[in-house]
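In what follows, structures are represented as C-alpha cells.
Below, chain A partners chain B and then partners chain C, in two separate complexes.
Right, the complex of A and B next:
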C-alpha cells in the first residue's frame, strides 16, 4: 500500500464510517421501532432506546389464528415468495437463451435495445393495458398473473445483465468446444453456463429483489389474501384508522429477511459476479 | 495424396471480398505457414479450413474428401487458438480429454491418451490443475495437448505464440518444431511474425489483400521473393528498396548521382529503359574502401547502432535510405561518406509499376 499521512488515514476512516452510518441508520431505526412499545414510540422527546424490549408484535404478525392480522401477513409473505420466485425463474429461463443469442450475434443487438426502450415507460402508462389483459385472461388477483406481469419487468433487465456476462466469455472458447465436437447444448451446459454462473446469480438476486419490492402493480392487480403481496400487506397495516408504527416496522423487518438470507447464501457468487462480471480466460 | 486442398476459395462479407480466390495444395506432413499482416484474410482462411466459417465460393478438401458444409467436428482437424481458449472450469486433464469425451471414447482409454499426450508435452504434473493456475507457456502446452490427443489429419494453429513473451515464444517455437519433426503431422499455421514463419515452415504462403502473394519454401521466399511486398515483409532489418531508373544496363538511383552497373543476367531482363526498385538485403552489404572499384555504392552514414551480434548502419543515398547489417567490429563513423560493396548475386530487381520480380 502506498504511503499515507495520518490525517489522510483518519479522513478515510471517517468517510467510511459516515457512509456506513447513512446507509445503516434507517435499518437500525426500523429494528428499534419494531421492538419498542407504543408508548415509547409516541413519547416526546423521543426515546432512542426502548425502556422495555417488546417482541409481541413479531408474535402478532407470525400468528396463524384465523382472520387475524398475522394470518393475512403470513399469507402475503408466501404470496410474495411465490410471485417473486416464479417471476425470477421465468425471467432467467427467458434471459439465458436470448442473452446468449444477442451476445453471439451482434447483428441482432438492436433488438435488445428495443426491449430495453420499453423499460423507459412509466409503469402507470402500462397499468390499464395490463389490467385489461389480465382481466381478459382471468388472472386478476392471482399469483400467476402477477408473476407474469413481473416477468415483463424482469426479463429485459436480466437479459441485459446476462448479455454483458456472456460478452465477457471469449467466443474462442466456444469455437474450441465446437472443434472438439461438442453440440450446442453441450457447449452451453458444460462450458458457457458454468462460466456465466456468477452473473446468473447476480441477475437472479436483483430480479428477485425487484419483484419482492414491487408495490404499484401488486396494489392494482391483487385484492385479497389469495394474491396480495407483502408490500401491499404492509401498506394495509398503515391504512387503518389507527396506525401502529411499531407493527409496520416489524413487518418491514420480517419482509427484509428472505432477500437477506438469499443474499447471504449467494454471497460468494454475487461478489465475483458484481466485480468482474464473468471470467478471465 | 494431398492432406489438404483449397480450390478457388472466396469469402465475401456483403460487398467486401476478404478472400479473392485461394488455391493451395498441401502434402501430408507439411508445415504450411500463412504469413501476412493483419486484415490480409489469413485467419478467415484458417476458420474456413476449420469449418468455423463457410466460404462463399470454392471447395475445401481434407484427405481427398470435400468438407464443404461439414461440421468442424467431422472434419478430422484440431485447432489451437491465439487466446488458448482453454475451458476455465475444467481441470487440465479434462481440457485435454474433452474432444475424446465428446466423441464418447471410454474413460479408461481417454485417461491413457491424456497421459500419453501430457508426457509428450511434459505437463504430466499439471493434469489436476485448473487453467487459471497455469502460466502462459503451460496454458499453451495444454492447448496444444488438446489438439494432439485426438491425432487428427490436420492441425490448425491461429497465431498460437503471439500472447507469449519474447523468450517463451522462442522456446515454444522450438518445441513446436520438435513436435512436428517427432510426430510428422500436417500443420497449417497462421502468423504475422516472419521469424516464426521462416523457422517453422516447410512452405510459406505470404498473403496480402485476400490473395496468396507467393507460396514457396522459406529459402525461396527469402532469397527469391516474387514481389516487392514479399521482399519487404520477410527479413529483419527489412530489405533496402532503392527506386531507380535503368538506362543501357545502368541503374541510376533516383534523387542522387549514384548509379549501379547491373550484372549481365539482370541487365537483359531489365531491357533498355524502365523504372525499377532495387532490393538489397542489409546483410549483403559490406564495407568497401573509398575508391575501391568493386561492385558497390556510395552512401552517407547517418546512424550506427550496435545490437550485439551485428552493427546496423543506416545511411542515405540522395533522399533514399540504405540499411546495412555489418559485423560488430566494423569501423564506421556516423556523418561520413562510406562506400558499401554489394554481393552481386544478392540483387533483387522489381518492376516499379507492378511490384513483380524481374
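Right, the complex of A and C next:
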C-alpha cells in the first residue's frame, strides 16, 4: 500500500468532508424544513435548526380527512403505488420470456437492439398520439391507462436487464436437463427461473423506481385525484400558491423515502446494474 | 429439435413484447410522423395534409433556434461538470480513509431522490425570499441583498445546471469508481517505481481503464440531458423570459399548451432525430473505445 504524506492525508480528509457536505446538505435541509415551524422557515436571518421540532405536517399529509391536503396526497400516493406496481408486473410478464428467447437464440439477437433503441426515444415523440388514443379509449386520467403508457419505458428496460441476467446463467444447465428428458416448461419453471430470481427482483425494483420517478406522461395524462401520481402532486404543491414551504418539503421527504430505502439496501445490486448496463442515465 | 423450430419458438416467446411495443411505441411513432404533415389540433379536428409546412415553420422560427442553443448549453455544461466532478469524487473514494464505505453509501442518495423531489428541493433552496442559498450567502457575507436565482435570466440556467449536476454526478462517480477498482494494483505500483508522477499515472495508467465506462456514462447522460423536461418544468417552466426553455418544454407548449398537434409532432420528430444522431454517435464511440482497449 502506498504510504501518504501528512499533507496528502489532510487533503484526502478535507476533500472527503467536502464531498459528504455537498451530498448531505440538500437532503438534510429538506428534512429540517419538513420538521421546522413555518415561523422558523421565514425568519431572517434564517434558523438552520428549528426552535421546536414540528412533526404536524406529516400528520396533515397522511390524514384522510375529506377535502384536506392529506386526502389529495394520500390518493396520489396510492395512485403512484398502483401505477408503478401494475406497470412493473406487466413489464416483467412480457420481458422475461422475450429476454430468455433472445439470450438463448443468437439468431434473433438483433431484435434486442431494436428494443433498446426505443428506450432512447424522447417521450415527446409518442405523447401526442398516445394522448389522442387514451382520450378515444376513455383512459385519460385513469391508472390503467397510465400504467399502459409506462410500459413504453419499462418494457424495453426490463427486457434489457433480464437478457443480461439470463446470459449469466450457463445454458449447459438447461441442455443437461434436456438430455435428462425434461420438457421446456419444466426446465424454465424448475431451473432457469429460480436461478434468475435475483435478477428478476433487481429488474423489478429498477422498473418500480423508474415508474415512481416518472413525471412527463403523468403530467399529460392525469388531471385529478383519480389518477394523479405523487410526482404530479408534488409539482402542483411546488408550483402552486402554497405558502407553507415546510409542507412542500414534507411531501418531498415522503415521496423520496421508498426510493431512498430501496437505494440504500439494494446498493450492491444497483451499482452492479449501473455498471453492467450503464442504465438509467 | 431443428434450428428452424428453435427460432420460431423464440419469436413466439417474444410475441407478447412485440405486440405491446408495436401498440404503444411503434404505432404512436408512425402516427406522430403522419400528424407532423397535417395541421391537426389536439382535440377535435382531424387536420389537413400540409406537406412540410410545419417543419419549415418550426425550423425557421426563432423559438426553435434559441431553444436548441439553450438545450445544448444545458446538456454540455451540466454533463461536462458531472463528468469532471464525478471522476474527481471517484478518485477520492478510491483512496483509503476512515468512513470511506459510509461516504460511498451516501453517494446513492442524490441518485435515488426522485427527479421531481430534487427539482422541488432546489426550488426551495433558491427561493428569493426565504431560500437557504440566499440565507447562507448573506450570513457568511458573500451577498448583500437576497436575489431571485430562478427569476433572473442571467442566473436561472446556471441554477438549473447546479441542481442537475448535484443529482447526477454521483452516478458518474459510482461508474468511475467501479472502473478504478478494476485497475490492477501492481500496474500502479510498477509505474510509481518507474517514477511516474501523479498526473502521468492518471493519464497513462488509470485513464485507459476509465475511458470505456466513462464514454458510456458520458453519452447516456448527454442524451438524458438533451431530453430534459421534469427538472425544468418544476423549477422554472422554461422561464424567466424563456431563458431556460429546452426542446422538450417547447414541444410540450406547442402540442399541449397551444394544442397544435401537427406542428408539435413535427417539432417532436426534429428532437427525436437529434437524439438519434447522438445515439448513433454513442454506438460508434463505444465501439471505437472498446476496440482501443
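Everything that follows uses one rule, which is that the second predicted complex is superposed on the first by the 230 of 281 C-alpha atoms of A that agree within 3 Å, B and C clash if a C-alpha of one lies under 4 Å from a C-alpha of the other, contacts with A are read in each partner's own complex, and residues count from 1 in each chain.
To be clear about the criterion, contacts are C-beta pairs under 8 Å (C-beta built on N, C-alpha and C of every residue); 3 or more make two chains touch, one makes a residue touch a chain.
If you're wondering where the values come from, they're calculated on a predicted model, not measured in any experiment.
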* Which holds for A:146: it touches chain B only (first), chain C only (second), both, or neither? -> neither
* For A:203, select first, second, both or neither according to whether it touches chain B, chain C, the two together, or no partner. => neither
* Examine A:186 and indicate which partner it touches, taking first as chain B and second as chain C; both and neither are also allowed. => first
* Based on the superposed arrangement, let me know which partner A:177 touches: chain B (first), chain C (second), both, or neither? => first
* **Partner chain(s) touched by A:60 [first = chain B, second = chain C, both, neither]** => neither
* To do: Going by the touch definition up top, name the partner, chain B or chain C, that contacts more of chain A.
  => C
* To do: Check the residue A:69 against both partner chains and state whether it touches chain B (first), chain C (second), both, or neither.
  => neither
* So, does A:134 touch the first partner chain B, the second partner chain C, both, or neither? -> neither
* Asked: Does chain B (first) or chain C (second) touch A:120, or do both, or does neither?
  -> second
* Asked: Regarding the shared-chain residue A:77, is it in contact with chain B (first), chain C (second), both, or neither?
  -> neither
* Asked: Considering each complex separately, which residues of chain A are in contact with chain B in the first and with chain C in the second?
  -> 280-281
* Asked: Can you name the residues of chain B that touch chain A in the complex?
  -> 50-52, 71-73, 77-79, 81-89, 98-99, 102-103, 131-132, 146
* In the complex of these two chains, what residues of chain A are touching chain C? -> 1-2, 9, 12-13, 15-16, 19-20, 22-24, 26-27, 29-30, 33, 41-42, 44-46, 93-95, 97-98, 100-102, 104-105, 107-108, 111, 115, 117-118, 120-133, 135, 148-149, 151-152, 155-156, 159, 184, 209, 212-213, 215-216, 219-220, 231, 234-235, 237-239, 245, 248-249, 251-252, 255-256, 259-260, 262-264, 267, 270-271, 274-275, 278, 280-281
* **Contact footprint of chain B on chain A as seen in their complex** => 170, 172-173, 175-182, 186, 190-191, 194-195, 279-281
* **Residue ranges of chain C in contact with chain A within the complex** => 3, 6-7, 9-11, 13-14, 16-18, 20-21, 24-25, 27-29, 31-32, 35, 42-43, 89, 92, 95-97, 99-100, 103, 105-117, 119-125, 127, 129-130, 132, 135, 138-139, 166, 170-171, 174-175, 178-179, 189, 192, 213, 216-217, 220-221, 223-224, 227, 229-230, 233-234, 237, 248, 251-252, 255-256, 261, 264-265, 267-269, 271-272, 275-276, 279
